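Written out below as structure tokens is the structure these notes cover.
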Amino acid sequence: MSHQYSAPGDHIESTKPVTVSRYRGITRLNHWVTALSLILLAISGLSLFHPSLFFLSGLFGGGQVVRWLHPAIGIVLFLSFFLLFLQMWKLNLPRREDATWVAHIGDVVQGNEDKLPELGKYNAGQKFVFWAMTGLILLLILTGLMIWEKQVPLWEPYAPWAATIPARRIALLVHALSAVGIILVFILHVYAAIWTRGTLRAMTTGSVTGGWAFRHHRKWLRELAKNRKAPDNHNTPAE
Amino acid sequence: MNIDLSRRSFLRLSGAGVAATSLAAMGFHEAEAAEAAHVRDFKLATMTETRNICTYCSVACGVIMYSKGDLAAGEKAELIHIEGDADHPTNKGTLCPKGAALKDYVKAETRLTHPRLRRPGSDRFEEISWDEAFDKIARAVKDDRDANLIEKNADGLTVNRLTTTGYLAASATTNETAWATWKVVRSLGIVGFDNQARV
Amino acid sequence: MTERAPQPTTAAANPPVQPLASNLLPSDVVRISATANVPAPERQLDKVAKLIDVSKCIGCKACQSACIEWNDTHPAIEENVGVYENPHDLTPEMFTLMRFSEYENPQGDLEWLIRKDGCMHCEDPGCLKACPAPGAIVQYSNGIVDFVSANCIGCGYCVSGCPFDVPRIHQTAHVSKKCTLCSDRVAVGQGPACAKACPTQAITFGTKESQIALANERIEDLKSRGYENAGLYDPQGVGGTHVMYVLHHADKPGLYAGLPDDPRISPVVESWKGATKTVGLAAIGLAAAGAVLHGLFSKGNQVTAEEEHEAEELVVKTAAVQPETREEL
Amino acid sequence: MTNSWTDIKNTDLVVIMGGNAAEAHPCGFKWVTEAKHHRGAKLIVVDPRFNRSASVSDYYAPIRPGSDIAFLMGVIRWCIENDKVQWDYVRNYTNVGYLVREDFGFQDGMFTGYDAEKRSYDQTSWEYELGEDGYVINDETLTHPRSVWQLLKKHVEIYTPEFVENVCGTPKDRFLKICEMIGETSSPTKTMTSMYALGWTQHSKGSQNIRGMAMLQLLLGNIGVPGGGMNALRGHSNIQGLTDVGLMSNLIPGYLAMPRETEPDFATYMSTRGNKPLRPNQMSYWQNYGKFMVSFMKALWGDKATAENGWGYDWLPKLDIVQYDAMRMFNMMKNGEVNIYFCQGFNPLLSFPNRGKMTEAFSKLKLLVVMDPLATETAAFWENHGIYNDVDTASIQTEVLELPTTCFAEDEGATVNSGRWLQWHWAGATPPGEARSDVWIMTQIYQRIRKLYETEGGKAPEPVLNLAWDYADPEEPTAAELAMELNGRALTTLYDATDPTKVVLEAGKQVSGFGQLRDDGSTMGACWIYAGCFTEDGNMMARRDNSDPSGMGVFQQWSFAWPANRRVLYNRASCDPDGKPWDPSRVLIEWNGEKWVGPDIPDIAVTAKPREVGPFIMNPEGTSRFFSRKLMRDGPFPTHMEPFESPMANPLNPEMRGNPVARVFPDDMANMATSAEFPLVATSYRLTEHFHYWTKHNYVNAVNQPEFFVEISEELAAEKGIKKGGMVRVWSKRGQVWAKAVVTKRIRPMICDGKPVHVVGIPIHWGFKGAARKGFGPNTLGPFVGDANIETPEFKAFLVNIEPASEGLA
């Protein structure tokens, strides 16, 4: 059972019509926890980002609550994303076809899939989102810890240079820029998932239609098809 | 990482949580208006002023005590603050690090509040009444004086000298206390009588 | 109606006990943290200033005692670490601090430079600029920069915004604390408690130009005693300050326990609070709008029925090729 | 102080030596800052440490602890050699011209008449030579070899700048620069003030340190002048008052003397007092001794004191030895000769030397009574606090009574500041718990003892029963009643001596000044120098008019200054012999042809003609003294003496150890160390953040200075491997302490007698009670010896050793 283009949990659930399991339950839950944390972080973060948005802190019970809740959720985001990272990083490694995909970005946006190469489980856009999220969340957690006033005494002895005020000023700037970055990536990710019809169900029900797989991730579909065992009596189709 | 929910913010959180989930709330209700800029209430308003002299060094800076309640009018007076007296010619309202903190000397936790007695060999003080204390002192001093007062010296001259009871007088009591103390101590014939002039 | 208090002209005065109406009103505020277009106040209070003449300062810490007593704070009793500085740093309960430096001057004589550290009440306050919470930090028209704890969220941005490393976040009250230039005393026409207590009147208080005049008088005296570089420390990098120093060595402020030579709001903070905000919001706004518009006007990337059919074929065909060849693929 | 705090603003040069005014008297030190700011005055600081006074000084010089006399005599020698002398002043207002007896001499650092066994001098030769007319012979040419001037020049000859550098460790160039700065104030229009405190008094020759500067000030004409004087900065808020009211073994209020055994009756007692003038028509004010003594006895015994019974003379205890000072009492206590001891607002366990000896002494008492606003270490000397008070509680059989008293905020009365101002204060806070005033406590003790004598009788009850106690409420006399007694009043109507028909003062009325006191029993006055403090015009001590029209910082209408509201003592000497002020820009008093006028009360009879009466009216000679006759036990001139524990031998006389006439109890002499075993010189002192052992109870001061430390130089720290903030052990022959190490550039080793001398600074403010961290005091280490004249413990110079201590401790 080779997994060059697919993750261990992926498999073809049914053949008439073809449905393909793309994300198992645990991955989906993990994704949604990450998503929710990111959204809450964005809202609470934005309330501190610009005075005009400070009213958003009202959603959390005021600025004082945001002050400890934001970093708390930050930790949750980091941990939960880390789990996602473990599950997905291998298939997000760049491959040859990604370069050609990117070269045809114009076609991508207009939706003429035919001009695009066959792809594995993730296209270059999705890979960009993955690695962008990874990088930005790392930056956010590091700079976040540096500017988290209450916890500075805990780690100061180990990295005193990071506790100095000049360092924390830079951390504040980087945190703000990274936050803007991650919100932009977030918008891209959400929009792409909506714009590419039939994608959302992957993260809600866990499966996609065969056609979706064929259209967007054909190499992924081929591999799953190969990996599928011969239909003997014990494999009820509705497996 | 401790999430220390002070009671007030907990209520606001739980309340807000409900609001957040209701979609209607997504209409971004009006956030609480920021509290108007205000300075702390001036804590000396309506206090009773009393002129006094700092108890520490011999510059004798003039101080003003601010108390809640007027002692002179027979009320109980609780000391709130002490500050230099700008009218005093020596310190003109200034005070040193000791004088500026006089209030917390008057209200120190280790101020004595009850007469206490430590019995021979005991490892603790026991609270006793003023009467018990004075009876013990009077009895002890009279017995010691009657036993050890030297009425006449070897040459038969009247000396009335008591050396087995000694008295070490203070450094910050008033002249009036000093005079009352001098009278009592000398009437007993005490010669081992000294004060804090040297240390 | 209780009589309105006068504006303060000196600290050397006895405080009133008869109730007085405050003369430092919310309407006297000229800048408020995280609040754009603050209404201009209808009156301009006299600019006040505290002058600290380090050449008169005997390092006695009367200002520390007076500050604790007036503000009813309770700094921790720390330990001796081989120096005279106690507490060891400004804390949320200690708004001012004597800093001692032993300096051997070029002539080989020892000088013991002692500086009263604390908020400088800048004309362009870095704390206020960095603060995200509306109304948490205000600047009055007389120059006082004050923290309004009720609005403070304890985030610590002001700690990074301040060019002098002054604000401190209280670990249990979760609000930022610093010298308030005794705004409650100034409100009733009095001067700060430290300036009242200072035994040698190294700390004086009054209108800013009266303190500048006094400073110049002191600088002449210091020059006559051989300190050619004596001068006034009123750094223009932060628009001048309402707490100023007279220094023996105004050419080397760093001698005085790290007093910044040319303090200004850090460019990192300026860019964080300036460009990043506007560009950041714009980018997010554009991205969101772009996504929505694109979503509305372009048709989605739809899977065709033919592709569904093709998928079925592929799956069925692959299965038919039989298991033993499966391994080579 | 001869002058007052506010007079310091008038000075041109301040010398802070033997004290640390900026730290111990910050608000008084303001006036030095004012003088610098408004008069361009200069400040010189001479101290073993570069302290906080030095931080704002114009010139600083280090000095080895205990070598101040050599420095001062060196400055006098330099001034004489360079003719920096205020001649008009010196010729007319000092005893430079008087001849001294032939048999007086000085050899190898010792004066004639030394008796090694008795450790005292036979002082008969220390006297003027009197002419037939009974007056002192005066050689105006100052050339006679036995004139005080020539004796002085011979005496200071040895104190060359090289001698000073060698003994004091002060670099010669710095010493000479100071001499120049000081020399300038010999001009009549320039004045210098000396601000000193325990830095000079806490030596075995403390009194002579002060004599040294007093002589220098006389040489420069700086006594009695604005911005001049000898200004002792008293330590406690009312130590001046308690000394004025005579709370010392040999004193009666007003600096009268307690009778001795050798004076069996009142007449013998009076015969040696009230000394006659030694120069024609001098005031020699002590002539009036009888008026003050009789008035005092009437105050003490009331109508029981009559001429017949010598005004109750027998009821006063008679001294067999002069000094029953605290150290003698502790020594007697250690020997089991004391049963009961009272500590009124005092914490001797931490403030007297050799704490081990103190604990042993207290443990021998039957009853210790401590009256204090705070919990003191003395009252808890029996409590075991680990290394901080390592005692075997069970074995200490002393009963201890700890009585809570009010503090300044909770009682009313007067305290006297360094400048002799009696200032009234009012209570503004309710005492905590059952705390009561000291007056009430002493009254209760007295009334109960008196009742026991009335009911049971007993030995010699008269002094107890005859004591005057006529107060409105005998259970608690009021402050005003006691203050009025101190001021004094007429008992019978007083008539003018020259015109018997003229009533001076009706019976029962308060006297307006000590001039009205009589020696015939018709007046009473508990403290003659306070007469005028509470007169018929009311409580002068409560006056609050802070006007100072002359701008001289005199403040005549603010409270009351003794004597007679005079603010600058000897202010007659601020004018030249013809009564014209030396410096017209600073006038205290001046002669206007008929009488003395000016902002201050003249320190002379108002109509005393200038050329006739000398400015020093208390002295029989009417002049001040370079040669102090018999008044000092250790010599009429200050001579260099090493501390008892010293790093070097006395260059004048290597065999002489410490002060040859200082009293040393046998076991204490054996307990003295040599520099072989203890090479470092220790000195103890105060910090500005703390007051004695009181402010460690105050969390605010504990925040400012939380923990006991010792201060050492960077050189010593390197030599001993001590790091800044590390824990060290410091020990002497008598005990050991543990402390944090403050390593600083402000202390430098000094080269004395060719060898480096390291100084270890030990502040005093810690113990085992209160808010601050537990700590020790230098009194654990200090030697049990005091000044030869007044027994002030030698805390400023003794020997210790130091080493890094294990961190695990405390």
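Observations on the structure shown:
For clarity, chains are labelled A, B, C and D in written order, and residue numbers in each chain start from 1.
Rule of thumb we're sticking to: a contact is a pair of C-beta atoms (placed from the backbone, for glycine too) under 8 Å apart; a residue touches a chain by one contact, two chains touch by 3 or more.
Since the model is a prediction, treat every value here as computed from it, not as a measurement.
Averaging Cα coordinates per chain and for the whole protein, the chain whose average falls nearest the overall one is B. By C-beta pair count, the most extensively touching chains are B-D.
Note on chain placement: the centre of chain B and the centre of chain C lie 37 Å apart, centres being C-alpha means.
Mean C-alpha position of chain A lies 66 Å from that of chain B. Here the spacing of chain A and chain C, counted between their Cα centres, is 39 Å. Computed from the mean C-alpha positions, the centre of chain C lies at a distance of 50 Å from the centre of chain D. Within chain C, residues 35, 60-62, 64-65, 68-69, 133-134, 151, 199-201 each touch two or more of the remaining chains.
Counting partners per residue, chain D has 26-27, 30, 688-689, 699-701, 704, 771 as the residues that reach two or more other chains.
Shared contact sites, meaning residues of chain A that touch two or more other chains, fall at 54, 57, 62, 64, 68.
Across the complex, chain D is touched by residues 55-62, 64-65, 68-69, 74-84, 86-87, 94, 102, 104, 109-112, 114, 199-202, 218, 221, 224-225 of chain C.
Partner chain C is touched in their complex by these residues of chain D: 22-23, 26-27, 29-30, 33, 36-37, 40, 50, 52-56, 58, 60, 688-689, 699-709, 723-726, 740-746, 771-773. Looking at the complex, you find that chain C touches chain A at residues 34-36, 130, 132-134, 151-157, 159-160, 165, 169, 171, 174, 266, 268-269, 271-272, 276-277, 279-281, 283-284, 287-288, 291, 294-295, 298-305, 307-312, 314-316, 318-319, 322-323, 326, 329.
Chain B meets chain C in the complex at residues 4, 34-49, 64, 66, 81-87, 91-101, 103-104.
Chain contact summary for the complex, chain A toward chain C: residues 2, 12, 15-18, 47-52, 54, 57, 62-64, 66-68, 109-111, 113, 147, 149-150, 165-166, 168-170, 172-173, 176-177, 179-180, 183-184, 187-188, 190-191, 194-198, 209-215, 221-222, 225-231.
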